[in-house]
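Both complexes below contain subunit A, partnered by subunit B and then by subunit C.
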Partner chain A sequence: MTPRFILTAERVRNGFAALFVLGFFAYLFGPLIIMGVTAFNSSAFPRMSPFECFTVEWFDVLANDAKLVEGLRNSLFIGVGVVLLAVPLGLSGALMLTQVKERVRPWYYTIVISPILVPGVVLGISTLLFWDRIGTMFGASRDSIFYDGFFLTIIGQATFISAYTMLVFISRLQRFDVSQEEAALDLGATHVQTFRKILLPFLKPAILSAAVLAFLASFENYNTTVFTIVSESTLTTFLAGKVRHGINPSISALAVIIVVITLLGAALHEVLKRREAAAEKETARIAAGELARRRRVKPFALEPAVLLIALVFVAGLGSAYFAGTIGVEECKAQVKAEKIRQAQERTRQREAKAMFQNAPAASEAAGQQIQSTDKSERAGVSQFQGIFDVGNLKDQAGADDGGDGAAQQSPLGTENFNPIFAPQNLSPPIDSSGDNRNDNRSDGDNRNDNRGGDQ
Partner chain B sequence: MSADVQLDEVWIRFGDFVAARDINISIRQGEFFSFLGPSGCGKTTLLRAVSGFLQPSQGRVSIGGRDMAGIGPNKRPTALIFQNLALFPLMTVWENITFALEVRGAGRAARRKKAEELLELIALPGQGEKMVSELSGGQRQRVAIARALAAEPSVLLLDEPLSALDLKLRQHMRTELRAIQRRVGITFIYITHDQGEALTMSDHVAVMSHGVIEQVGDGNSIYNRPESAFVASFVGENNLFSGTVAATDDAYVTVDSPAGRLRARHAMRGGKAQLAAGDSAFVFVRPESLKFAAGASSASAEASSTEASSSTGALDNRIGARIHQQEFEGNFWQVFCDVDGVDKRVKLSMVNDGASMGRGPGEEVTLGFNADLAVALPQGELAAE
Partner chain C sequence: MFAYWQNFFRKHGAALSVFLLASVGFWIFMMILLPQAFMLDFSLRANVPPPKWGSDAHHYTAEHYRYMLYGSAQSVDSYNFVDLSVFARTIVAAIFVTLIDLALCYPVAYYLAHAATGGWRRLMVLSLIVPFWVNELLRAFAFKIMFGGNGIINNALLWLGVIDQPYDFIRNSVALYSGLSYAYILLMIFPIYNAVESLDRNQIEAARDLGSPWWRIHKRVVIPHAKPGITSGCTMVFMLTAGALAAPQILGGPSSLWFTQIIYQAFNQAGNWARGSAYAIILLVVCILFVLLMMRVFKVKLGEIAR
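So, the complex of A and B:
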């Protein structure tokens, strides 16, 4: 008697649920995984397949990119500045909310929260304009603080990041028992003492998380920063520029580093939380009289979870380093030889074709391509040929910002389309077709490009 | 050092809502004074006005003869023990206790010494290093008391500090609190909605209802000589007969009720008579004041209970009733009787003197009580059950 699989409603439901969860995770983490793989692929353009050679050279490239390192440093500096400004601002905003009259509260809340709702771009521009006005008012010179990229960026980002931090503080303050403040006052403390000895210690965890939040929000900000940074650069503005001028997997390498740091941070946070929960439980048992005294807490570094994380991290790092440095050169040479062989093959084929068909078909071919929106055809490597090769991108800057999407809009054949987005081609319309001009204008990124070019 | 507390014509309003109405109270120094009243009657509000968290809308609060208007809570010689204790969860027990010293700038050594003294006083020696969360409910209670005492207040204000405790611990803490009060000799103002607590601990009790002080007096006078229907129904148990005043003099009132003509003490308020012939009145009789009268009741005996009382010589009032149910409580018998025309069952408590009751449900009986042990009061609001 072999047990037979019976299809029940519940099994079907569970199956669908599992499928959904899988799909959801694929959607969430797919891009990250692909990005992670590309960081270790020796191919000059970040891609997953064909996977040429396993390498860590992109991490080297990353470390040696002076402009990137500078952008990173600026980002860190600005992040710290924003934390120092946005945390106290957010705290005072949240405290104010608890003080204002019940009737005014919704209004106050709406006003202080509004910077979150205003598009970052608008904040950036208005910060720039505002301080320019102020600077003009004082007759300050162009290298005064009113035109300093760091100053403007810190101020500009803090306008909305302090609203974030305020939300963190508000949610913590909601759990504050006001009678504690009253108890302190009643025992003779001044208001300042009450703030320092009662409220501040209570808010400490919130201050920490607000600082982390503010830092991350500042670190990843682009919309506002791109306006306020003026002549400096941050990691995000640098990366955005790089994407426009040719991209290589060192960006993926950077992403891998950020992801790993985030994962480590999350794991650490989890471990700390569990330890705290355990301590709390013990406290409750002491209060209930079940436990005479607190057990000695294990040192943090000896926590099994911490050890495991450290082990996995070190092992991963080590093996990646060895696998990524040994034998890479031979592998690359092989791949190169293979490529050359393929290229020769293609040329031969084309020549052969050209012999059979004659020239007049050229314009017709372009027309055909307008109609053919079939994805497989567009994605077909043979048609795009070398578009995604770094070499090609370099002299056709701009085409890379989402080749697929742009290609869909373009009424022109792929071959003609490449140079359209190149900044130098923008001012004189290349085509009399009005459609095409509008296309260009509605593309925000391209405008930025122009602006960048003017400066 | 101790101080007296005086409330003169104090009104407290929240918008249109009046939380305290024309409060006049004087609390002598060194006494244990309780505010007793149902939830929401304004006890906490009054206490907050004394401790300075709230300015009265009108009237005067003075402590030790000094007007407290415009003086903040941290400048008043009071310490408040909050309804929820409000201990500082991020501090150890000893840091909690000596917070008042810390904010005055006392050194660490002095604070530790004081903490040990106070821990001794509240019977928690050597527990100073624990966190507040590691203490049991009763221990927290005591820490809150120690923390308030450390501020060396002239007046200690306690807002239902025992309400969260279980019965046994509560009884224990009552004795303890009273002992502490005697030892430190400062004025205690104690808030509770538990009448047992108020009656056992206090020198004086103020009974409150809806922001109004109904009566102030010692436990005995509150229980035995209530001055309003609310006090009579709120403090202790009482049987209630409503009716109309037939005749009245300074000492006694005769009330015609569905249970018959009843004679009861005439309760004065502020030395003034409260009832006149024709007024609606309540007659209150405590279960322990009711007795079984000898002999079966008859219609004629009911109709002329006053005459009957003179003939038996023992009881001024007689009521015909039918036993509904009896409950045996060990030291007491509780008997519930139906009386025609009275909505609520009349309750009678009898000491169990070993003899069997000899009566059963359904039996017709006559209940009786002395006029001196019953009180007639103007009809008014009653305490909720």
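So, the complex of A and C:
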């Protein structure tokens, strides 16, 4: 007999806890999913709905952005520089911690750990000012190293990233058996030999993870970099400018690439960890005499999990590429035709209504409006974006084809046009301002028509 | 003292000793201490164009700190309400964001450490990390899309009929606070998770067997044990939120500024480096005071906070 399910307070609580955790993870991944979807939507403004056509064109836009590629190159260069500086600094900081006197140790630790707790903005500013003054002291010229964005950024970032790497080394050093070092010295090894043959091999995994950590922290950094980079640009400063001045889905495409690389890295890291664990187990079994000798270890690339990951990656890439390039133009044409049809439909309805009210005034004014909007195309587009954004969600895509500038809504546009399409205003206004509103409306539709015809 | 260094050199050999001393010395003095000292010095000097730095015109003055307080270097008649209110709002909002993160993370950390098991727990811990490898700017960008006038949240609320006009999340700072809470949540959850995980499960069982209700188990057993982790998480989240620049630049409404944005403007738009430094010093002092306060109130050491 199966036990009956009894609803206890404990179970209710556990249910709520599970729901809470589920909600938490939805909050964590929601933004990533949204970026993932917008990266493949052909709509020029990054959005989830309406989903128009599945496309990979934004990845193209991304790859062809020369400034972005330059920022990326600079970021990689700075990242390598930070690794080369922060790993040795963190290592000596950690080694020094074991050497300084008991009395000095808390002070020493406070000083070297403090960069983690200091705001990045402050570190950037102080680095910039300090090297500027040093440069002035030596009478260095303005294009010497003291004013160089790369040099300043590497130094500024390494200030706190060294503290991160130091923490990695400290936790590894805590497990170091000093008697190994003493044994080597007793057997006649020199200090340098002991360091190279005993301590460094022991620290090798920590060096690797510190290097990865340093590189990622540098690659990510914005707060410090924005002050120290001076006239150069990195990926983050480029992105900041781009995101502030109007957004388009190629930024989402970049996020998708980063997420995919992250997932790949995480999966491979997991496989590596399992292999290490298996190897350790084997060592233990050999020591216990259960196993005669070590089994041959498969090369990493032939591990089934790795092959599976590679397969999934390639398949995903391939299907995204084909789905995103084949038939996209047809789909777009369809969406456009649909929009034109809807716009015409609306125009007809409205014209009918306008005719019903006071036809002559309306059509005359509409004619003038068309001319004026043609002159100020960009402004016009952003205004209509404003209209469609708010009131009439089905139609908004019509304005999208206009360009990415449309992302920034002009307050004027929203004020004027907003209420027309709002649901409560759909019935034609009978009051005196009715004419004016009708003009605006048909004007908007005409723009859509023109656009459809041009392309 | 001399004997100590002699011993140090003997123990490590000349080459290694010199390397250790030189690199640690460079780090401590050239990268940590002196830059801060120079910034303090710079913030106490008049604002003159770069060619005159070091000349007589570049004299000592407290005008930038007075400006922060009074809005002008000379008069003390009225307070500088613009900068002061931005400063106060930044601090209050940072505390608010820290509390939200704590409320979100403590249950999840406890669940991960004591309710989830085996593969699930591994997967969850791993998936906690993934969102944070994505750039801070890109995360803010995602929030901008989500909370926009026709973003998914407004669409969903309209569809559900909760609202009939799109709500301006950006102007009302909802987007900013959610984005900031999201940005540094990892630094809250991992310290708490590590602390809670090290708690012996038998202690919880014992408390339960002795008839303690679940909330008292948390109050008397789990939270006291997790205190260093909670302190560490709260400190890191507060510092990073108060010093955040990217999220406020992207998600901040047109009328709401973050204190770091004022510093940024002083440097990049007003060209007043001295005032920017003075404000940076103020931010630094507040952060140091906050850490000291946390250490005093929760009786933890600095080593337990930063790790």
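Note that in this section the second predicted complex is superposed on the first by the 325 of 455 C-alpha atoms of A that agree within 3 Å, B and C clash if a C-alpha of one lies under 4 Å from a C-alpha of the other, contacts with A are read in each partner's own complex, and residues count from 1 in each chain.
Everything that follows uses one rule, which is that a contact is a pair of C-beta atoms (placed from the backbone, for glycine too) under 8 Å apart; a residue touches a chain by one contact, two chains touch by 3 or more.
Since this is a predicted model, take the numbers as computed values, not measurements.
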Clash or fit, subunit B versus subunit C on superposed subunit A: fit
Partner chain in contact with A:M355 - subunit B first, subunit C second, else both or neither: neither
First, second, both or neither for A:P119, with subunit B first and subunit C second: second
Superposed model, subunit A: greater residue contact from subunit B or subunit C: C
Touched partner set for A:E182, first subunit B, second subunit C, both or neither: first
Which superposed partner A:T190 touches (first subunit B, second subunit C, both, neither): both
Contacts of A:A240 with subunit B and subunit C, given as first, second, both or neither: second
Which of subunit B and subunit C A:L7 touches, first, second, both or neither: neither
Contacts of A:I286 with subunit B and subunit C, given as first, second, both or neither: first
First, second, both or neither for A:A66, with subunit B first and subunit C second: neither
After superposition on chain A, the shortest CA separation from subunit B to subunit C (Å): 8
Touching both subunit C and subunit B, counted on subunit A across the two superposed complexes: 190
For the subunit A and subunit C complex, residues of the former touching the latter: 13-14, 17-18, 20-21, 24-25, 27-32, 34-35, 38, 46-49, 88-89, 92-93, 95-96, 99, 101, 106, 109-123, 125-127, 129-130, 132-133, 136, 155, 158-159, 162-163, 167, 190-192, 195, 216, 220, 222-223, 226-227, 235-236, 239-240, 243-244, 247, 251-252, 254-255, 258-259, 262-263, 265-266, 270, 389-390, 393, 396, 409, 422-424
Complex interface listing, subunit A residues touching subunit B: 177, 179-180, 182-190, 193, 197-198, 201-202, 280, 283-284, 286-289
Footprint of subunit A on subunit B - complex, ascending: 51-53, 72-74, 78-80, 82, 84, 86-88, 90, 99-100, 102-104, 130-131, 133-136, 147-148, 150-151
Footprint of subunit A on subunit C - complex, ascending: 4, 8, 11-13, 15-16, 19-20, 23-24, 26-28, 30-36, 38-39, 42, 50, 53-54, 104, 107-108, 111-112, 115, 124, 126-131, 133-146, 148-152, 155, 158, 164-166, 182, 185, 214, 235-236, 239-240, 242-246, 249-250, 260, 263-264, 267, 273, 276-277, 280-281, 283-284, 287-288, 291, 302-303, 305-307
